Amino acid sequence: MEAPIYHLDKVVKAKQEDMEDFDGPLDLILHLLSKNKIEIRDIVISDLLDQYLDWMARREKLNLEVASEFVTMAAHLVYIKTRMLLSIDDEVAMSEMEELMAALEEHKSQETYVKIKDVTGPLSGRYEFGRDYLAKPPEPVKADNTYRYVHDRGDLLSAIRSVLARTDSRLPPPAAAFEGIVGREPYPVADKARSILDRLVQFGVARFRALFKTSRSRSEVVATFLAILELCKANRIHLAGTAEDCTVTSTVDDGPGEIDVTVESY
Amino acid sequence: MDLKELESAIEGILFAAGDPVPVERICLTLGQDRDTVDSVCQRLADYYSYERRGIRLVHLEASWQMCSAPEQAAYIRKTLENRRPAKLSQPALEVLAIIAYFQPVTRAYIEQIRGVDSSYTVGLLLERELICEAGRLSVPGRPMQFKTTKTFLRSFGLASLDDLPELPSATQEEAQLTMQLESALQRLQQAETEEPEEAPPPEGEGSE
Amino acid sequence: MDLKELESAIEGILFAAGDPVPVERICLTLGQDRDTVDSVCQRLADYYSYERRGIRLVHLEASWQMCSAPEQAAYIRKTLENRRPAKLSQPALEVLAIIAYFQPVTRAYIEQIRGVDSSYTVGLLLERELICEAGRLSVPGRPMQFKTTKTFLRSFGLASLDDLPELPSATQEEAQLTMQLESALQRLQQAETEEPEEAPPPEGEGSE
């Protein structure tokens, strides 16, 4: 069977002439193809034709020419489809179908474009006014690290349980328990610092090592050393010399005054 | 929380946000239902317009946004040394309209309708935040799709996409025919899907 | 330009700016003198505070700035922070549980129980304000101790530490022992602090 020569371009262009009705079926086919997202090979073309002829029949003025054009087109569709169904590999049929699809899509695009162009006028008018609604930049939100997750208190219990399970329920004695034994604080660092300053005010200068001479315990040595460090940090005393021979002088002349120490005592 | 407190909280939230804030978000924060929040926002909006204040509340889809009163735009631009955004060109309006009415769409779709390369215009609309990306289409090449933004709605005085002016429609006759055809098609499709998958009809059957 | 119009224009300008706007700038835009602009701004500022609106005007040197009302800060933060509150990890929960049940404790104590370095986790809990410092322990090295906070109580729905779920019984015995030790210790510490500061105990006494 020889393929009928069918010029799609003509069909599409027919609208410009007096055959406006072609708009109908073409649009319908397009509509069905695109809106229902179906493939042209899935369309039952005879039904499409039936529907269309039905519609034509009900028209007061039956434009025979238009109807016959439509029938020709529909017939061609049927023909193409038949070939495709009979032989999926019929490349000619496939390409004809592609061509038809492309022509249909083109037609639809043009239709859409006309509509879109129509609507740009009103849209432009709206923008004329709307673009004067000015937005402002968001206010910076201050970061807040506070924990806000809401827990069940049972979460704590299960957490401590899993800790205890690992340690066999044996806990080290709290450090506080040793406080009474190792933590006595007989040597407040501030007091040590004050006595060092007193000494410097009185004698003007002292040897570094001499400051430790009266220390009778390791704790007292540490407290004295901490006091010297604190005084250096506060710029109250000045150390000079070598590791072997180091002298300590006061940087201020007017007595001890307030000493702000970070370590209270040792 | 009384009305006065609600109003103040919502005013503070919308001011600080700058951007549109979804109603649901405000409901969650304030522990109020949607109707309450929407009505307080509407009250505020009415109050701003009626009292001709320098600020406005606009309703964009399910969000509220605080913005400046359009009457003050000239003074604001002058103070902040901002230029008034240029009118959109015809091509830009066309691309924007295509995206607005058929979103989400790919650039290829826009170009198919317009028949010309539209990448520059799409870029421009993206830059002006009138459109934004809307995920990739799952077809070969995975092209990006675009949709309109809340800025688009605000700039065109639309509360939602439903407020877009209607596209010129097909003639009534056509519309009716379309409907008939669609229903016929649906019946056909139903009939087809009801057939057992294991035994498809012989090829070609029912097509002619 | 009447007062009402001036107010509206200034409101619009300060709203859209967000940042502080120099008075001079507003004067220039509106063609008004400085006193007029300042007084209109002040009027607006007073109106916002008096009416307890959600926004405020603040005067910073020679500028005015619109900002959200501080009373609304919590609601604003809650609305604009889109993150869902993060949940503590299991290790963090464990450290928190140890601190909660045995507070005040040192980091060394926690590590002794867990057998792993816990400095990061302790830092995290401090940052989240679930724990806070609770003074240094008077032992060599003077380590910092930690205790739980009110945020902790709130996060776990506890009215007080007495509401903590009871520990498994074996540990309770130990806890009681600890309590006894602690009270003994407290007595000792009290005794010490009652000694006048001016007269420390004779050097060397009781030190070794």
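The letters A, B and C name the chains in turn, as written, and every chain counts its residues from 1.
The rule is simple: contacts are C-beta pairs under 8 Å (C-beta built on N, C-alpha and C of every residue); 3 or more make two chains touch, one makes a residue touch a chain.
Here the structure is a predicted model, which means the values were calculated and not measured.
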item	value
Most central chain, Cα average position	A
Distance-maximising chain from chain B - centres being C-alpha averages	C
Between chain C and chain B, distance of the C-alpha-averaged centres to the nearest whole Å	42
Averaged-CA centre spacing for the pair chain B and chain A, given as whole angstrom	22
Where chain A and chain C are represented by their mean Cα positions, the distance between them in whole Å	28
Multi-chain contact residues (two or more partners), chain C	12, 15-18, 67-68, 76, 80
Contacts with 2+ other chains: residues of chain A	134-139, 141
Footprint of chain A on chain C - complex, ascending	12, 15-18, 67-68, 73, 76-77, 80-81, 85-88, 90, 93-94, 96-98, 100-102, 104-106, 108-109, 112-115, 127-130, 137-140, 142-143, 151-152, 155-158, 163-165, 167-168, 170-171, 174, 178, 181-182, 184-185, 188-189, 192, 197, 200-201, 203-208
Complex interface listing, chain A residues touching chain B	23-24, 27-28, 31-32, 35-36, 38, 44-48, 51, 55, 78, 81-82, 85-86, 105, 109, 112-120, 122-124, 126-139, 141
Complex contact set, residues of chain B against chain C	4, 7-18, 21, 25-26, 28-30, 52-55, 66, 68-69, 71-73, 75-76, 78-80
Chain C-touching residues of chain A, taken from the complex the two chains share	134-139, 141-142, 144-157, 159-164, 166-167, 169, 171-180, 182-188, 191, 214, 216-220, 263
